[in-house]
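Which chain is which? They are A, B and C, in the order written, and residues in each are numbered from 1.
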């Protein structure tokens, strides 16, 4: 009986706290419409938004349900399925984006380990939630580091308590912050990007340093980040006939610099990266390790008008390199200019209007010599709950 | 600092209200058993219930989790995945049925816009939730207007406050109402039906008028609705060898009339539609625009016995036309008679027993000359939560 | 008006109780790492863990969200999707594991019917949740009775109130109980295993008897269970060229014995089963009904050290037979020894380290003559919420 009483102490406590105080649900959803003005139906961007190009009427880009909570003093849970994921020819299935746990090492969780699938800490715009980002899509140059920005692994983050609060404020204040991925981050992960199995038993390694300085009232966040690893071209990514190296393992390494001047009210956001990775070469019909480089600059502004928020912006981007997670590590040369604005009439609704001028060369074994130019008007309605 | 304080006002309010007072979860699930009496294993109905025909033991028809809430005075959220959806050869994946937001224009939300994937307002039985419907499946004639009754688009609904309340009461009173799709509805949507990408950059347009009159104590709701658009036969819907027109765009337009006499205690429900749409023609091995027509009449009764509810019914239906979302726009000639009853011992459980006499001709490029007759006994247990 | 008032009594009560007091959410997730020590990349186990063998870095084994609740005095709901399910080449989709309702016949729900998809009551280790199990995977011998341990059907369970409490305590006390599948269980189910449609209109029948005795302070649970039915080899399970019998229906029947001495602090768990079922025969290139037998013995220990729990264990298993739900009813001869320990620093986190010595022959039409031996170190982190 003594044994029984002792063990009783450990577990049943759980039933005293209410589940809904431990776990919360929030989320957001995005509906797009690209069909209003579109000069070239062959201008597409697989990673940005599958509704570019022909047949681009209404399109659900994201339906996110986020189950999260500080389930104990040192354990934080975050599970985020997206219900706008495709499986075969049918759309809008629920698939995991994030599924991770943070385990703090100290009482303020200044030092913490993150286990599971989460964003790899590479690039400010990648870290920034799509819920907060002003532009409709991330830039090709840095977003091509990882499909869905995520991978499966083990990460370590450190930030002092005061800066953790600042990361949080930069979102809450409407300044479009990245959230808290630490002042310093370090990690090891599979390297095949989100929701894809590992193929080579070798991990990618990554490190990042980012600090949100406060100069007077102005927040400025410079950052630097780099990763290295071997990416394996999976069988289902390859066109029949394309040549690869023997074990289909390719060097995949990049370094990026970031500068964010938060919009108070004028903002500037710029990132650039260089590196090497697999890329289709149409001269040889093969996938080879090639150099890549590119980045973007965005100017934005935050205006408050009668409790409405308005963020006009202009963004220019460039990318020359491959996209490892696309067919045959598709080769890209992207030059793009976007102008637009995000309007938040209240905290529940957002509307973005985005005019894009684009020149995109994207080529794989099947689609060689494919340079597409054009412009399109894009509209997005977002609900936050 | 002023800037910071000002912006602080806008966002952090969210944390004051509890998430579970803003978002609610409810749902229902249906388990079917068709194997008791079944005279013809080749008698099937893809749109009704994939467990008709051979191998029809236990079958989960729906597992619905509904996340919903009036998240602000004028913004209503409704996200409903179904966890009984198939992906490839495996079943019971979570896939979106509804994902929409209603934005009210006035304080009573009498005028509202609906963004996202939702039911297209065509037909009373289509609007009525499967949670409330008495018969196990919807009629072929009107349900063939849209797979899963839904599509992605932008809709406008209007109903006076008093009638919004009445729509709500017609469900709460056990009268099997449709829910509130407005007295007047109007919309534009992709036209390829739920969870399928748009293919032609042209929208379908729809309008509906429906009014639940109260004569003495008796509710009677007549309605009329119509839509028009171009449906594109998708590549994965076509048998190899079947002929189509050049761009695979087909006229798709219908008009339907509805009369509902709510069961107080005797009820009558009748709908009929005519129109044109793609249909397989076995004489020419091609998909052509053809006329379609059909509808149903149902007589039902609501009995209360010791707080149990019992709804006996008899329903006859007829449909002659194509089903655009099936293989080769499969050609149908359906004559069917159903008798049965729904029993609700309490608000959590329902049991339906349904005897079906059916004659179904359904033909595509692969399965030509296919007339199937027979009868079967079907049973469904439903849980509401 | 009388009619209206009367009917009002029945339904609107629902709105008085809060949804979150009726439905609760809990769950758990498991992250594995198999890449540290692995002597043979061709040593794999499809049913255990797809990350054995080459490319086995980080791997999410389970992400379970459980929506459950006693929604009325006699109706209990349990819906459990797993968000680590694969669909085609992409991972981490949400797919149902459990979706059932228990309907009690008496006020203590001692007698209850279970409708829906749930675990078939065959084997103690199968019933025991992966959240509670010490070893990383279930034994091949008894787990091969049903993929994912589950099927769709109708079950009856009986247990006296006092023993229902004991089943619950055996989990809460950290003794790794099975949960409550009744002292006596009986059921009829499709027989094609979880999330697969029925193919033969014939049900499997199952019965189980299991009783957790208390001798002094020591809990001991012996059990016996058996099932019989016809399994149909589905078209998508067959290699092209493999021979089957005419209607692909195969006898599938087993009987198993269980003995569990709960770890107070020393524990012993042993199960064994014999039976017949479909199995690939490489002599004839065909799938035939063959005999099968196998089981396991595990010794374990529960230690409490400063409120941490530690469970060291050693487990030996053997299986000679087919796995009906794998390609060509793959033929197996498994001999395996595992040693390891589970460490629970608190109720939210668990870490398992498992060293496996394995000899596995697994052969189908494509992979004939395939005996793999080796050893590997496996690590799992689990979060409970």
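Everything below uses one rule, namely that a contact is a pair of C-beta atoms (placed from the backbone, for glycine too) under 8 Å apart; a residue touches a chain by one contact, two chains touch by 3 or more.
Note that the structure is a prediction, hence the values are computed from the model and not measured.
Novice: Please tell me whether the contact surfaces of subunit B and subunit C are same or different in residue numbering, using the over-half criterion.
Specialist: different
Novice: Please state the rotation angle, between 0 and 180 degrees and to the nearest 5, that superposes the Cα atoms of subunit A on subunit B.
Specialist: To map subunit A onto subunit B, rotate by about 120 degrees.
Novice: Suppose each chain is reduced to the average of its Cα coordinates; what separation in Å results between subunit B and subunit C?
Specialist: Averaging C-alpha atoms per chain gives centres 36 Å apart.
Novice: Which positions in subunit C touch two or more other chains at once?
Specialist: Where subunit C meets two or more other chains at a single residue, that happens at 20, 81, 87-88, 93-94.
Novice: Mind listing the subunit C positions that touch subunit B in their complex?
Specialist: By the definition above, subunit C touches subunit B via 1, 3-4, 6-8, 10-14, 18-20, 22-23, 67, 69, 71-72, 75, 77, 79, 81, 85, 87-88, 93-96, 99, 101, 103, 115-117, 152-154, 189-190, 194-203, 232, 234, 236.
Novice: Any idea which subunit A residues touch subunit B in the complex?
Specialist: Per the touch definition, subunit A meets subunit B at residues 20, 24-27, 29, 31, 35, 38, 50-51, 54-60, 63, 65, 81, 83-84, 87-94, 172-175, 217, 264-265, 304, 307, 309, 346-349, 381, 383, 385.
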